[in-house]
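Each of the next two complexes has subunit A plus one other chain: subunit B in the first, subunit C in the second.
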Partner chain A sequence: MSAILEKPGFNPDRKYKIIGTSPVKHDGFDKVTGRAKFAADFFLPGMLIGKFLRSPHPHAFVRKIDVSRAEKLAGVKAVVTRDDFPELKPGTGGGDMSRIAMAREKVYWEGHPVAAVAAVSETIARKALKLIKVDYEVLPHVIDPVAAMAPNAPILHDYLRTKGVKGPDAEKKTNVVERLELSVGDAEEGFKEADVVVEHTYDTKPMHQGYIEPQSSVANVSEDGQVELWCCTQAPWVYRDRLTEILKLDSAKIRIQQSELGGGFGGKTTFYTEPVAILLSKKAKAPVKMTLTRVEVMKATGPVSGTQTRTKMGCKKDGTIVAADSELIFQTGPYTGSAFTNAPQAMFTRYELKNVKTVSYEVVSNRPKVSSFRAPCVPQAVFGVEDVVSELAKKIGMDPIDFRLKNAIKEGHKTIYGETFTKIGFIETLEAAKACDHYKSPVPKGQGRGVACGFWFNRGGETTGTVNLAPDGTVNIILGTADVAGSRMSMSMMAAEEFGIPVDRVRSILADTHSLGYNRVTAGSRTTFSSGMIVVDATRKIIAELTRRAAKIWGVPEDGVIFEDGHCRPASSNVGNFEPLSMKDIASKTTYTMGAISGHSEMNVTGAGPGFGLHIVDVKVDRETGLTQIMRYTVVEDAGKAISPMQVEGQYQGGAVQGIGWALNEEYIYGADGKLQNAGFLDYRMPVASDVPMIDTVIVEVPNPKHPFGLRGVGEVPVTPTMAAVGNAIGECIGIRPRSLPMTPPKVLKLIEEAEAKGLLPKH
Partner chain B sequence: MSELRYEAPASLKAAAALLAKEKGLAKILAGGTDVIVQMETDLIEPELLVDIKKIAVLRKITAEKGGFRIGAAVSGMEMMEHAALCKSWPGVLDGVKLIGSIQVKARATVAGNLCNGSPAADSVPPMITAGAVARIVGPKKTREVPVEEIPLSPGKTNLAKGEIIESFFLPKRPKNSGDAYERFTPRTEMDIAVVGVAINLTLDADGVCTAARVCLGAVAPTVIVSKECAAALVGTKVDQAALDKLAAAASAACRPIDDKRGTIEFRTKVAGVLARRVAVKALERARRIA
Partner chain C sequence: MSKKHHLAMNVNGDDYEFLCETHQSLLDVLRDELMLTGTKEGCATGDCGACSVTLDGRLACSCLVLAVECEGAKIGTIEGMARGDVLHPLQRNFLELNGLQCGICTPGILIAARSLLERNPDPSETEIRYWLAGNLCRCTGYDKIIRSVQAAAKEMRGA
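Presenting the complex of A and B:
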């Protein structure tokens, strides 16, 4: 373990020169000029194009696959099916990953890959796909998770038994992967103390991460079995380890280079094209590129879990929440891995609750396997919790932020999942929200205002990195985490701050998997925090080495040298009258001292500071059409310390905009045939720029004492309360709070009619 | 399946001949905002693309008999930049402006919007209410066809093999008349109409509506030209009573389906809402364009 984890040296009085400014990102120029190389921009000489054949059925046995005619087509260089994959046991991690990449016994969703072709052109590859004959035995399918839990539902996996169930049901065939109960205190007893109880049911729909860059990879397998892979990923090392597992490779023989990432949001933490491109390349003895089309991205890459939830909370007349109870059903696609356990851990983690009961279920059905998305599985649960909280406040006549303040957790709170918080900034966030211009302004006539809070754990984990000093005194940083949102720039800024040099003298790059040790996936809002620890640690090692070298050059003891503003100086006039040595002075003479200077660091980083936020939104609803317009939106969130405020704002705004899409229009629409009907941006209605106003931001800074600059992750919190905030605002506007996502015009129009009939519709 | 061929003839005659003799599926390519997308998503596999953008006569907007002749390869943005056209037919331009995005409109054409055969096409209802007539050139003859007669069913038109729309004629704008189009979409742009309503009306000196055409989009297999809606307006001053009657007639005229873009119930109701709003807008324009 590194010293920095024990003594991060956070100094509240330190004055920063670079931290807290927003210089233009070093990778920004290439992105706006189009020079940046995303995965699909990669070409190799002699490269073939690979294409998938996908199942037209949501659920079927795959009896036979005849590829003979495809193989004979001129220009086709390789065809891959299940027979080319090592057989791994179904129901295991590797077995599931292998079967997601290529169907084996069964196809489990419309779009499940059944074969792939590599050919000299895309046209030929597409022609070849039409020549492959697949004999399916079509089975009944089930799309909806609640239907999948019914006793007579089609069973996806004969081997599946519900984890966490005891008694006679434990041995039954089922689509329920797990039943998880997570509770503290005694909810039933707690409710007895309640003066007011509110309970509602909710449903949310799967939404897609919506990254603009489709998955793409180029694999190049040599005759002696060495694999080179270029791809867009948030997790090069995770990909390497999983690929070695399902393809039976040695890690030493596979090298993965991540490209620029054209959006990931959690969706690029798991592979789709990569294992197939590798097998095609191996067979064809040529490099193979596979790029998904938008339809493939929508049909076969991870959306987010849809949910059915019930949430009940009670409070006393003075506003004290006394108990909470929730039941949650998460859809995961055909295989486990939805990260649903985040939900019961995070859903109430803002409030001081002594009595909580949660029961969660993860359910398989015939839809694409879900993938991570900002705060996986948490926003769906918060959609209900923050409605109930606002309704409780309203029922006892309390301001919704005051009600939250009354119940807010602070330092020393022990969470439902066992962590005891050190310094957190929830109260400061709520106070900043109350004080901000948006909340202080009256709600414009005819509009409704909603507020909602969110929480995310923030993560650390295994991270490595290297900082190199060049002879001219400039610095380059080699990072293993992906740059999903500007982390290279943040790392350059942190190193420049430590060295006391301009940030333009620092550049950061993203390593391949051979160049550094293991780096955990870039997810959980861990990267700027974790790689930041690594970079500061490595930078400090270099500074220590620079002072040693200066001492050597001057012939003085090491403690006679100090380092500041990029220079080694004598610690006092007693040391001697030496001219300060710049980083360049020392780095250019390393041949005569002890060789090149670099700093390396590896840690299992701990101490990520939890993040809290509050969103305020004003909406206008067209009472004749049910159309909701977002009029004003403010995100208030604790960043610990914003390294680059502009990038932090971007995270706040991006999270809110993705949440607005999820709230208002995004959903997967299936026909009775189990086929996805809106596999494209035309009918999968993500917001466009003109749909949202400028999102205002308030960056609260309550430093995380475990980081030298005090930073916290900021990427996930801003999506957690968005749908709840928008729902609450619509509820204020029309008199009934929508509880089913997306809150589309037809649904809202029906609620308006209901509100009118019940006399609940507010008068303008 | 043979290789896709691309031709860009310089004359309409050559284009018609290429289309007429092609044995496989041939598609006309103007902006390509429908054809290319359909090819990319495997909905169509044409063997021949005939690009009509190189045919000079199709790229012009010209004044004719006090109205306008718009070439079939004129892009939406070119129409939006034509000041006289915009002034004369604001409702037609309402429809054009709603197609896709600026980038899409820089390529997309009104002829393509029509020939794609979608009942939700935004430029089609206001072209119909404007009384636009298409000039269709075929291998043997040229015919003049009102726009409303061209769509037959979703994806199908009455154009025969080898026929190409050469241009549209938009007549002279009568005095005291105005047109407007609105659609309902959940998003502000890059979306497809859930319901669309176009109205073109003419007033007399006393402000009484003497003529009206009302068209409903996306609520039936083809655009509906509603005589009942028009009757609700004609002879009135387009007052509240007339608007109520119009809204009821519009909802009654709908024959929509439930699909991924909207429900029967919602479309039926919103058709009435939009009809009322569009009539008010057309009325304001009629009063302004004296």
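Presenting the complex of A and C:
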């Protein structure tokens, strides 16, 4: 175990010079001038354009693919189909990945790739696609996960058997990938102690990550099989290792350079164009660029799991929650991999609960394979939990935040998944929420206020990085994690703080996969934490070397030298009377004689501090149209320590507005034919500037003692409670809480009518 | 094979000649023929604003304009926004107030915001929000974008 993991050197009294300020991001300049190179901005001489042919059917056997006419079209340089992919066993990780990239036996969703063409122009590539003949045997399809669980549902995979099921059902053909039970105590017994029990069912719809930059990659394969790949990705090393697996390549022969990333939110943790671009380039013997259109992005990448859930909780009159019980169904698209197990682990992890039962199912159906999104699979479950919690509070006449405080977990809590928490900031977050101006101010007339809480584990994991000190005393940092919103700057700030030099003397870059060892995906709010740990560790190694060299220059023992504020100084006057040596003094004096001064670090970073947040939202609902307007929104969240507060605020605000979209508008709409009907930004409506107000933020700082600066990840938590908070606010406003996403005007209008009929509609 | 069209237009004060196919959009030509890749494509259907440029002084989605319509036109793109080393106040305020995260929407938003401030030097928050409603940003939640525009407007008014 690396020393820094045991002794991070966190000091609560440390006075920071750079941490906690918000300097301009170094990578920002190129982004405001249009110079930044995103994936589609990359060009190579002689580059061809690659295009996909996609299935028009949601479910069909692919009998035959005839590409002969396409291949003969002038300007076409390569055509790729399933025959060009190594055959991997279906139902294995590699087998599934390969089949998502290019259909093999069957197509499983409308938009599933069946062939691809590389040509000298896009026009010719498109013409060639029209010349490919695919012979399909169309099969019955199933879109809805509950329908997919029914006994007579069309079966997607003959080989599939439900994991976690015993008895005769264990051998049945099914669309249910897994049944997972995660429980503690005895829920049934627990409910016996309850004075009040609340139970409801919920459904949430798949939403798309909605990054504005469509996936794009350029592959260049040389005659001897060396692959160069430029693409937008949150996971260059994961791409490398999976590409080597499904294309049977040597890792040493594939080098991936990540571009600037035009948004990912989890959706760029898995590849689409890359394996196909590589195969096309190999065949064509020229670089090939493949860029998805927005329609392709909507139909064939992402989205997020939709869910059907049932949640029941009970409490005593004094507000103590005694038991919880939940059943959750997650759709995953045609293949497993929804990360649904996060949900039962996280959904109640905020509250001190002795008796919990959860049963979760992951179900395949004829939709695009889901991909990660901020706190994968957790917001969907929280949408129900935080409704039930608020209703319990209301039923016993308690303030919703006080009710949550009464049941809040603290340091020492043992979670349902076995982790025991060290210092966490949930209580502090709730208290900060109670004290904030928004919560203290009365609910404006005619509006409704909702609150909801969220939790995310925050992650660490395998990370590497290098810090180099140049002879002129400036520093460059080579990072393996992707930068989704400004993490390069946070790394530069952490190194500058540790060295005690201005941050403008430091620059961070994103490495290609040949320049560093394996780095886990940038996801799960792990990057600033994990790469930060690596950078501080590497920085400390450089400081140790500077100290050694200063000792040598002065001819004193090493312990006679201390390092502070970017300088080596004699530890005391006993050591001698030496002028302090700056980093530049030492580096310029010794680099050309003793070698470069660098620090490198690699480790499986542990000690990520869990994150908690509470959202407060005021809404106004138009009773004639059912339209919900967000009037005021506040995000309160524990950041541990905000390295760059403006970037942290940006994460809170961005996450909340994505959640608002998911709450009010965003969904995948399918026709009876199994085809997606809203594959574009016009009909799949994400929030625009005029849909939302300013998003206020309160950064709570309860340091994570396992990190040198106390930080916690902040990116996932902000989306976890949003839909619940908005739902609760609408419920307050109209008297019935919506339990089906998105909470569109027609649905809300129906509830208003129902509330009116039942006499529940508040008067104002 | 049908022949390409030969056109000329002015981009950011520089004259360009280029060849294009009939169906190519102004966005395609800027990016793929002139290599001015600062203008981004998010949808190609006029719904995201990432491709915003000015066309003879008016704000336009370059993905919705056919290149063949641009003979003799004056186009303004993000590459022409700074004056040498001096950033436009909008650019500087976006940097200083963190009006960008990933930055893919930023060129389009800056061009759109500049158009707004040319017409209305003192827009209200609501006016900014409606003017920018054609520019999607998935990262920021818009808060810091709006604040950046407000700060730039204030600075440009000399207030």
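Note that in this section the second predicted complex is superposed on the first by the 761 of 764 C-alpha atoms of A that agree within 3 Å, B and C clash if a C-alpha of one lies under 4 Å from a C-alpha of the other, contacts with A are read in each partner's own complex, and residues count from 1 in each chain.
In this text, contacts are C-beta pairs under 8 Å (C-beta built on N, C-alpha and C of every residue); 3 or more make two chains touch, one makes a residue touch a chain.
Keep in mind that this is a model prediction, so the values were computed, not measured.
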First (subunit B), second (subunit C), both or neither touched by A:Thr33: second
Partner chain(s) touched by A:Gly680 [first = subunit B, second = subunit C, both, neither]: both
Contacts of A:Pro745 with subunit B and subunit C, given as first, second, both or neither: first
Subunit B versus subunit C as contact partner of A:Gly46, first or second or both or neither: neither
First, second, both or neither for A:Gln653, with subunit B first and subunit C second: second
Residue contacts on subunit A - larger count, subunit B or subunit C: C
First, second, both or neither for A:Gly446, with subunit B first and subunit C second: neither
Touching partner for A:Pro502 - first (subunit B), second (subunit C), both, neither: neither
Partner chain in contact with A:Gly9 - subunit B first, subunit C second, else both or neither: neither
Contact residues common to both interfaces of subunit A (with subunit B and with subunit C): 123, 293, 680-682, 687-688, 690-691
In the complex, subunit A residues that touch subunit C: 22, 24-25, 27-29, 31-38, 40-41, 43, 123, 209-214, 260-265, 293-294, 484-486, 646-647, 649-650, 653-658, 680-682, 686-692, 694-695
Residues of subunit B defined as touching subunit A within the complex: 1, 3-4, 40-41, 101, 184, 186-192, 259-263, 265-266, 269-270, 273
Touch list for subunit A against partner subunit B, complex: 123, 127, 130, 293, 295, 624-627, 664-665, 669, 677-678, 680-683, 685, 687-688, 690-691, 744-746, 749
Residues of subunit C that touch subunit A when the two form their complex: 21, 23, 31, 35-45, 47-48, 50, 77-79, 81-82, 87, 91-92, 94-98, 100-107, 110, 125-126, 128-130, 132-147
